[in-house]
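Here come two complexes built around subunit A, the first alongside subunit B, the second alongside subunit C.
And then the complex of A and B:
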């Protein structure tokens, strides 16, 4: 069953030049993209900076409206985890407030408290974290907080936009393992955006490769990595540094 | 082994913070020999960049070099006077920084900045310096050096900027090249090209190179020997193959296991 169905999506942004900020042209951030995501899959979206990965993610989240094209969602329970855990958590809010904000419509404070604490255990953070502020945590811990926040509203799909790229490699592995565990436990669908082909290979069932706003290749992860058909995909894979 | 070019001995750099003294570098020692590429690998905050900055005496308050020795061809760099140090910095020891967009001054053209770097260290008039600058831009495989010469940093792509940065580091024929995460800000395909270029240059000019990276893949491709840094110390040093094959230190083992789990 499909959870996301995109057909011929287009989104462009103006290029502004000069003192008067005149429109000097438009850049096609997403250029005729069609992508289907099956429920329960982890779909990787790879590409270099500026290829349109994040714009496509935002269109799926409904944050951006496409200029044209169709998008059909099989759920309205979407969540997002951002790249930079330093900017995505409000520095003025305590962790308890950050986490319970998504449950603001719940009247039952007892239930709210229980759900927040349960989620904290799930991402392996201690209870006393609730009384602290974001700056008191390391990058990896902050990303755990962001994950807990995303999970609290019981989403069916999460757009993970470069969730580990600002983390050290040992911490990357911990967070990726956590995301995999969560996926198994709650059967959440992930759209996993990353520029790092190694991370995508570790996480994803399917992979879509983006370049200049277009998806140039889609397929099973194992297939694409062992047998890429597009020259750009080949070039990307050849650039992976192995040890 | 060839001659010793740089010797860093039990270097300690402390930062005075309100919460107390932070021992950012806590006794770092390593040697760099002529023609060798020595890598420093470690996580963010482990002290890699600070080690490089110490070599050029670019530590500013609240940071302070508390003790240790930095010997450049036998000369102690830590108590040398500023004027002499300036002669070494940028000419005999050159550095390429991580972020090419912030390492250049945004209000001057690339050409102007390279020419400045040449004329600070060599007695050349502007037109000679310009010729040298263009020659080095060609050397780093920039296809249209004239355009790049007259461009401002924001007009160039990240890859081209980093090539220009490398050209600027090379113009005074340094004996030591310090590369601080030179490809981290670049896309993977561009990273591959820049690493290829660096390999070519280092191989040809036989420069002693200190290569800093958080990416073991990059280190494995580029370096002969490597020091693994953790919390302000080098926990393990050795040939790259030996460390990758049989790491001894517990932190190195975790690090290499993580890298291998994520490799494909």
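And then the complex of A and C:
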């Protein structure tokens, strides 16, 4: 069963120049993209910076409207986890308020306190964290808070936009394991955006490769890694081996 | 942060003076030895003495008592006028910054137009039409002082609205009002605080100038401006009528300016604090800044 169905999505941004902000041209961030995501899968979206991964993620989240094309969602319970945990938590709010925000917004405040505390246990943070502010935590801890916030509203799908690329390697593994655990427990679908092919191989069932706003190759993760068909994918894979 | 603040001697002196003034205003009946309009016919225009430490005016009223009661008027006009300016500025600035496009163009052009008026003469004209009451003065000073706050807040909101926590809130279904009031305004308020503190001094000065010209607070209610006005006809024989209220106006405005500048120094090199925070948390690498002393 499909949870996301994108058909011929296009999104461009204007390039503005000069004092009068004249439009000097348009950059195609997402150029004729079709992508289906099966419920319960972890789909990786890989590509270099500027290839349109994040824009596609934002279109699926409904934050950006596509210029043309069609998008059909099998759920309205979407959530998001961002790359930069310094930027994704409001510095003026205590952790308790950050975590409860989604529940309040969804008018789902029954047993709010208990659910917030349970979720904190799940992401392995101590209870006293609730009374603190985001700047009192490390990057990995903040990412756990962001995960807890995403899970509290019981989403059916989470868009993870580079969730581990700002963390160091040992913390990366902890967070990835946590995300996998959660997937098993709650059967959540992930769209996993990353430029790190090793992380994607560890996480994903299917992989879509993006370049210059286009999806150039989609397939099972194992297939793509063992037998890439597009020259760009081969190039990407060759670049991990070199590291 | 508090230690850094107390190290700034001038700002400390300013805040102490402001606290004294607030105490004066709150406890006026206890602190003032006479009522603000009590007339002592035997002591008209008497020089500072034990009975009247700041002397008396042409009607034999005690200047010190009038200054103490006048602090109520001056301070409350300062606070409330700036309060009005801040509320208007924050609302208009955050709406302009958040919505952008046509809304922003219209609102910010309105700000530009308001900034073209010479403020003091605008206030004079408005007060000439309305009657000069304390209430009207507060509103008029407030309504002509919000533009700089609006610009500040708009600039802050423009960068804040791109933050991931705002995107996250809107994915979770937050309304525009929720985003503006819960996320954008609380994060944009620090520079507004500085501008408000500096603004209080300006508002007190404007009120004094209006009262001095006779279109501000009306006698017999004492305000620092109209005590000053009472003194101008007798400046040659009774210096105390002019000097004392003048000193209080000057010191109060100076104190707010010192406090405001100290706050700005604390908050404005925001980068300094943020960088410190980040580095010490992620890499245990604390950036030490050379001590200013």
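Following the convention adopted for this analysis, the second predicted complex is superposed on the first by the 234 of 243 C-alpha atoms of A that agree within 3 Å, B and C clash if a C-alpha of one lies under 4 Å from a C-alpha of the other, contacts with A are read in each partner's own complex, and residues count from 1 in each chain.
FYI, contacts are C-beta pairs under 8 Å (C-beta built on N, C-alpha and C of every residue); 3 or more make two chains touch, one makes a residue touch a chain.
Please read these numbers as outputs of a predicted model, since none were measured by experiment.
Engineer: Mind working out whether A:195 is in touch with subunit B, subunit C, both or neither, as first, second, both or neither?
Structural biologist: So A:195 only meets subunit B here.
Engineer: Have a look at where A:240 lands relative to subunit B and subunit C in the superposition and call it first, second, both or neither.
Structural biologist: first
Engineer: Is A:25 touching anything from subunit B or subunit C once the two structures are fitted on A? First, second, both or neither.
Structural biologist: Touch status of A:25: no partner.
Engineer: Touching A:231, do we find subunit B (first), subunit C (second), both, or neither?
Structural biologist: In the superposition, A:231 contacts neither subunit B nor subunit C.
Engineer: Given the touch rule stated above, what does A:48 touch, subunit B (first), subunit C (second), both, or neither?
Structural biologist: After superposition on chain A, A:48 lies in contact with subunit B alone.
Engineer: So which positions on subunit A get touched by both subunit B and subunit C?
Structural biologist: In subunit A, positions 139 sit in both the subunit B and subunit C interfaces.
Engineer: Write out the stretch or stretches of subunit A touching subunit C in their complex.
Structural biologist: Spelled out, the residues of subunit A in touch with subunit C are 58, 61-63, 78-80, 82, 84, 86-93, 101-102, 105-106, 135, 137-139, 149, 153.
Engineer: What residues on subunit A touch subunit B, complex-wise?
Structural biologist: For this pair, the touching residues of subunit A are 48-49, 139, 168-173, 176, 195, 197-199, 201-202, 225, 235-236, 238-243.
Engineer: Please give the residue numbers of subunit B that touch subunit A in the complex, ascending.
Structural biologist: Residues in contact with subunit A: 43-44, 187-192, 214-218, 220-221, 244, 254-256, 258-264.
Engineer: Quick check: in the complex, which residue numbers of subunit C touch subunit A?
Structural biologist: Residues 163-165, 167-174, 178, 182-183, 186-187, 277-278, 281-282 of subunit C touch subunit A in their complex.
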